[in-house]
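In the two complexes that follow, chain A is the common piece, with chain B as its partner first and chain C second.
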Partner chain A sequence: MDRRTHVSRRTFLKGAAATGALAGVGSLLDFQPVHFRHAQARTDISTEVFQNACPRNCYDTCAILTTVEDGVIKSVTGNPKNTYTRGRLCVKGNSYPRIVYSPDRIKYPMRQKGRGSGNWERISWDEAMTEIAQKILDIKKEYGSTLPICLNKYSGNFNLLNYGIEGMMSSIGYTSRAAGTPCWPAGIDAQTFDFGTIWNNDPEEMVDSKYLILWGVNPAWCAVHSMQIVLEAKKRGCKIVAIDPLFSQTAVKADLYLQIKPSTDGALALGMCRYILDNELYDGDWLVRNAKGYEEFFGYLKNNITVEWAAEKTGIPAKVIENLAHEFASVKPAGIWIGYGMQRHTNGGQNVRAIDALVAMTGNVGIPGGGARYAHLETWGFNYHAMVHSPPAGSLGDGDRLINMNNFAAEVLAADEPPIKMLWIACRNPMAQDPETSVMQKAFEAMDLVVTVDQFMNDTVKMSDIVLPCTTLFESPGINVSYWHHWMNLNEQAIAPMYEAKHDVEIAMELSKKLNELEPGSCSFPTDLTMEEWLANEFNAGIYQLFGINDWRELKSKGPVKAESLKVAWQNGRFRTPSGKYEFWSEEAEKFGHHPLPVWVEEYKAPEKYPFRCISPHWKLGIHSQFQQTDWMEQINDKPFVEIHPNVAAQYGIHEGDNVKVYNDLGYVIVPARITTATSKDCVVVYEAWYKDKNFNINYTVKALPADMGSKATGMPGIAFHDNFVNIEKV
Partner chain B sequence: MRLMPLDQKSNLLDDLEKRFQTYLFFSQYYAGKADPPILSWFYHEMDSFLGEHPLIIQGLDLLHEVQGEDSTAFRYDFNRLFVGPGKLLAPPYESAYLNQDGLVMQEETLSVRKYYRTAGLEISALGREPDDHIVFQLEFICYLLSQEAQALNGVEDDHINYLELYRKFFAEHLMIWVPKHTRDVQVHSQTSACKAMGLLLEGFLETEKQALN
Partner chain C sequence: MKGQLGFLVDIDKCIGCHSCEMACKNQNQLDPEIRWRIVYPMKGNSSVPTERCFLSLACNHCEKPECMRVCPVRAYTKLENGIVFHDKNRCIGCRMCIMACPYQVPQFNSNTKKVEKCNLCAERIEQGLNPFCVDGCITDAITLINFNEFNEIKAEREIEGFPNPNITNPSVRFIPYKPGVQIRRDV
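Take a look at the complex of A and B:
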């Protein structure tokens, strides 16, 4: 059969007109390309440099300089004007252009037919907003309030303007909110009881320390700019001690490494305190002037703690503890950097209090180079104008309903009167990040509508109905501060948003417009501000004074600025506790159900069936779901693994590279073994991370077990991520 | 009927027309404006335009099956290949294939941008969409062919040799990457419609390559 008969041009065109498909797109002699315009005359294509700020949940909050040519990012580098960033980014930061220009970015609003089906259709922003707004209004009608709508947003982007997401939710009425923070609450409460709040010295003056204990923290991976400072201090003669259950990259660089049994940090600190007390190495003057309840604390030490006991608990020989205590108490300034890893335990908050006590009793609080360094929020006093909005007039209810972020899935499923029917997810990947993944799956399945705002496909997007593309840090303006250093970095819009990406605040404005169009008065989120105006509205006199500027626009020429007055935390001795003193004895702690003193609380012990503690620390090449998807990171490492001590491996017949099932009652993962003495005989290590296109998630095994503290300062206790017990077998 | 070499003057306008319509159709397809009913029309009305390259015959046979195919399945397949939101199985960007890091908006994209500017054009979504998206490249060729035809008809003459520009653009860009892309389409497409269109495009380009040589 020969169907290829001659068709004349006339017939062809007739055919085209008949289908209507190509009608209006023009003909050969009269063609106007629809996707083009006349090139604007340009003689030279200029190169511009913009200021950006890394908004990741990372200690370092780097100031970035971005070179742009013809509207395209050519390179990124650290801004030398920020003396913490010192002109360099980490490998993650250096990979940013690859995120912006990855062909795999989420580009347009899309709707999935059947959650998890992979059947996506492209929709316009208007269609997306209409469907979402209509659902919100329907829910309100059916349940009489907006409480069935639940927001789960956290730390994916710490640009101040991203709090506009919370603002959008507040603007539609009272809603359900994932509350709390998974990362650091126990330590925050501990320091709140002791000092009144968290406030660490400027990390740049760590160079002046004479003795520095890096306790459960791995700056060589997770705060590379501070590692520089640590190494500089070492060069100047400071002794660096690393205390960690794992022989981390940081420990490698220390003068002394102590492999402590996990979750026994408080026992070590208290053992050191006892030695210091017995040998009268404490700073009596400081205690008299500044502390409340130290006599009671001393009494507790005398009656309950011995160095030998501490040695037994921690696995660190008594002689070593004595030496450490002696050295720490004999030089000034001596400081301790308390990591977030060591407080992810059921006794984590108490352990932080014990370490605080050690720093305080040696008089190292309030001096340069000293300090119990954990974190701070002192530079965060913005207006939160994007975040704070009143519900529309006539909204029913008496406030938002709080859903524990750290037990999110179970609480979403349990929520009743009204139930939760719609999820809005931004700056998070709960399907991969949260404990009890299979429960999370059920929670998602129970929803009428799941909306996720993100840049790349991940486990959460897969389980969503609508995905909305959001801008990268280069595509929207903003302002960033750190929870560690004391700088403020302006984030300028360096390039136009790629594809149809929008900033969360723009999304909020769009949604507000649509809601009010469908039902006037149903959303109070402002719709007529430019992004610059949103930014301007975050500043106030307090922030200007703290950073020594008169107007935020000065940052455009001045570059990053530092809050110099915050340099030495608590130097003035005015603590923010109820007594105004450093509180060894805290009635606040007692109110929250804890012992008023920093006492020892037994660690969570391995059940017989699951003899290994599975520690899931941060990975060097990503921040959970972020960065790992880039080609660079994939090339260096695209495989999760489990670290096992050689003796354990021998006992279980496991060799390097063997597939190992890591399991408990909750779930399992199967990963290849890496045999190393970096871990101890009672721990296995699986780095917490998300891998593109891999069915791996250590949180399948992690129970939503609360840490001891966190409720006072963050509303919810933290998660005892590192009290996860498993067994292993070769498969 | 084969596409005639471009230098046979007598047929030039006709030849331009056929190329123009073919490129236009593919650009419409990649812009998401063609679904199975339109593709069936393509099968019935346009097959004789495309020549007899084995890939074209294979593609047309496959297109024959499209008639009964479900539009939604096609749409999902199309999005998985070219749109998202997941990792694109056959990215429609030249740079995704040619850039050493597989990134868009690099040297490769900018070289395409330069071509557009030579013809006095730039994409309206400058800086927002990669200039080397296949829709833009195909539409750009339509523009070049149209300009050439208008010059032939004496409508306009701005002393740009559009045919030469087309030849160069075809050789330096389209032909270098589109066959890699259409091979990805072969591997990953789940519907006859997407697969057929991939075969047809590749076959058409192969035929055109010979015609232009």
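Take a look at the complex of A and C:
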């Protein structure tokens, strides 16, 4: 789309000379020649604009326009045709040119002599593929199957074509697979029990809300385009309430901020429900038509919940809870955005169910501007052609072996008959992002071969034997959708791959070729498709119908498209639960070991030795291990820190900038103190991220403690990242 | 366009996300160490913690620019539209302007050995476009204003942390942060 060739790019000076914009001083003639020289040097440059799609694990999943001059990216901006992106990119998106052209990129395949030694040597793609393929064949010979080979791949790039890595693994036989998702599964299960699946209203229609509770979510950092929508709603008269244990950037902008005790969100929601019940502010008609088990839920509230109890649990005064409940139930449409942070607890799923119940009993489900907004996968119905492949004929075994991604290190070490001997890591940095880093270290050390595909020398690459360089989103085509907004963005190849980088699916084809060369028939992964063919194979009639197109190539001229029919979730009242109704009473929940009702489950409490809850939320200058490491970001902030409440700091003799050891039985991290009232006296905050060349990783202290839910929808429970307890000391 | 162009910065809308700053860097292809626009954290108080309220500043295109007054080689020009235009080609990197500017706006580029700063996207202004930072701001917190027509009563000339505007009369105005109701546990 919008490809054009510039023959002359007007410089400021030419414009200024034409309009006489320069004031006085007589300097025009003095420096004009310099500018003309500059302008003339650029007259024959070809400029093209490409569509790109930000593939990060982020609500916003932006549509990008990339300006390329003579094959080099000059700038990126948001695509205005995507009305969610609104022509603007976040700080991370704006830094993409520096990611592509970072001198730190991994440029060619390398082999490390001694994991963690830093003793790397350049090897050719052929050498790399030969060594890896030979190892795969050796393992198969020694163990009789490919189960000792384990793939850990997840959210570093959500381009649909990146699922080709899973496809390649399936094509060599049955393997071990990191299964589950660390981020959000407790909430997914909660909503699956209540609604049948996750499905949120179009975030762009949040502007129509009259009352909006942002519950444990920080869009000002983690979904900036939605924060703009929230502020627009506020301008139009919607009351914005933020509930968060931390005084987040989002909370600072709210009309009302409630600093709740961590992990007690369910108590607040249930207390509000009790008030609404007692004052008959619930939507009886909606409940009769749409809900199953609300009588039982009301009975539970009457017998177990009081507003005073909720006040005691949450630290929010009873009067405030009553006012909040009264306001929420008296205005329509009223909606709640449920964040992922608030479900990273051992009672996180139950807390989400309680909030869902609050939205449902006030009749705010299925209406524009309302909803219990969490996430959706409604636009993800692609073919997964790159992902789904059958093992070669004669493969032994009866299926892949699932390794819990959320307790990956321990399960890799414990795997037996056969043990795990080889890791393939793609789109992930488990050494930095997973809990129990010390155990992860041991798991890596126990391997015969670790292969990591990445762009930068991160902690996982440092613990690998072979690293393979992969392309950035600008160097390979693809297609992206969001788990929040309802757009589909085409990703065009804007520039040639840098150095020797390849896309994951190209790597998969290379490996397949090599395997079949060494042992014919050993890999069934296709080797003869072009990237465009891989892309075309992902589309189907359902996707075309949902997005109102007839062929994916239309996106090249049309730009991003939106699934308009998904706008209001559950508007037709046909829920995907077993009963077809909204289920306050869920037998499915009971089957998975939970109470069938949204009930209060006690929060995980601080042990005596470790009195501080260490919350490790996302950081605004990065997403997990991506972006914070570039020099552009380092100019804004180049060091991690721990946020400590002033009273606690005084008690421990800690001053601003002092090095603080944050520790527990599992490990420790030493970081400078930032003393702030943004946190409470019982919480310290360390934002998770990967910093280049810094000995920093908060996950040394994080235990692989499961959240209460996640097993139904994602196969594994989530991680209670925010039930991490530590002590601190000045060092 | 004649008059005095400048910025209106709505601190109440600003979420400190640095998108403006990075849009400037990306679109103007700045060297890594150079920041024409900087999002500064403001000091906290009883209603807002430090690092939760921000002041996004670029060149303030002052009415009486000190940078221009002290420059020995006339690298600075005050344009008819009020932009304080710095010409890199004339700059000798003496850094006099860096010392003179009350807002620490001009920056020394150690690669080019010259100073550089925000020219308010003068080329874009000529084309009737907004500066990149204005178009890049996610929450519409930065607006391009012409002081000849500007008449916003909520806008303030001074704000805590911003140097005394009486020295150079900077072309920037601020809308202050308005806190909501806060129920906080440990304050």
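In this text, the second predicted complex is superposed on the first by the 687 of 731 C-alpha atoms of A that agree within 3 Å, B and C clash if a C-alpha of one lies under 4 Å from a C-alpha of the other, contacts with A are read in each partner's own complex, and residues count from 1 in each chain.
The rule is short, and it goes like this: a contact is a pair of C-beta atoms (placed from the backbone, for glycine too) under 8 Å apart; a residue touches a chain by one contact, two chains touch by 3 or more.
Bear in mind the structure is a predicted one, so any value in this text is a computation, not a measurement.
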| item | value |
| --- | --- |
| First, second, both or neither for A:Asp631, with chain B first and chain C second | both |
| Contacts of A:Gln228 with chain B and chain C, given as first, second, both or neither | second |
| Contacts of A:Leu258 with chain B and chain C, given as first, second, both or neither | second |
| First, second, both or neither for A:Val217, with chain B first and chain C second | neither |
| First, second, both or neither for A:Val568, with chain B first and chain C second | neither |
| Partner chain(s) touched by A:Glu121 [first = chain B, second = chain C, both, neither] | first |
| First, second, both or neither for A:Lys620, with chain B first and chain C second | second |
| Touched partner set for A:Pro317, first chain B, second chain C, both or neither | second |
| First (chain B), second (chain C), both or neither touched by A:Leu666 | neither |
| Shared chain A surface residues [contacts with chain B and with chain C] | 11-12, 15-16, 19, 21-22, 25, 30-31, 34-35, 97-98, 631 |
| Residue ranges of chain B touching chain A (in the complex, touch as defined) | 1, 13-14, 16-18, 20-21, 24-25, 28, 32-34, 37-38, 41, 44-49, 52, 60, 72, 75-76, 79-80, 83-88, 91, 93, 95-96, 101-106, 109-110, 113, 116-117, 120-130, 135-136, 139-140, 142-143, 145-146, 149-150, 153, 155 |
| Chain A to chain C touching residues, read off their complex | 10-12, 15-16, 19-25, 27, 30-31, 34-35, 74-77, 87-91, 94-98, 220-221, 224-225, 227-228, 231, 240, 247-250, 252-259, 261, 315-317, 320, 620-621, 631-632, 635-636, 645, 647, 674, 676-678, 680-681 |
| Footprint of chain B on chain A - complex, ascending | 3-7, 9, 11-12, 15-16, 18-19, 21-22, 25-26, 28-31, 33-40, 70-73, 97-98, 100-108, 110, 113, 118-122, 457, 461, 467, 469, 495-499, 631, 692-693 |
| Chain A partner contacts - residues on chain C that touch it in the complex | 1, 12-13, 15-19, 21-23, 25-27, 29, 32-33, 35, 39, 44, 48-53, 74, 77-81, 87, 89-90, 119, 122-123, 126-127, 135-140, 177, 179-187 |
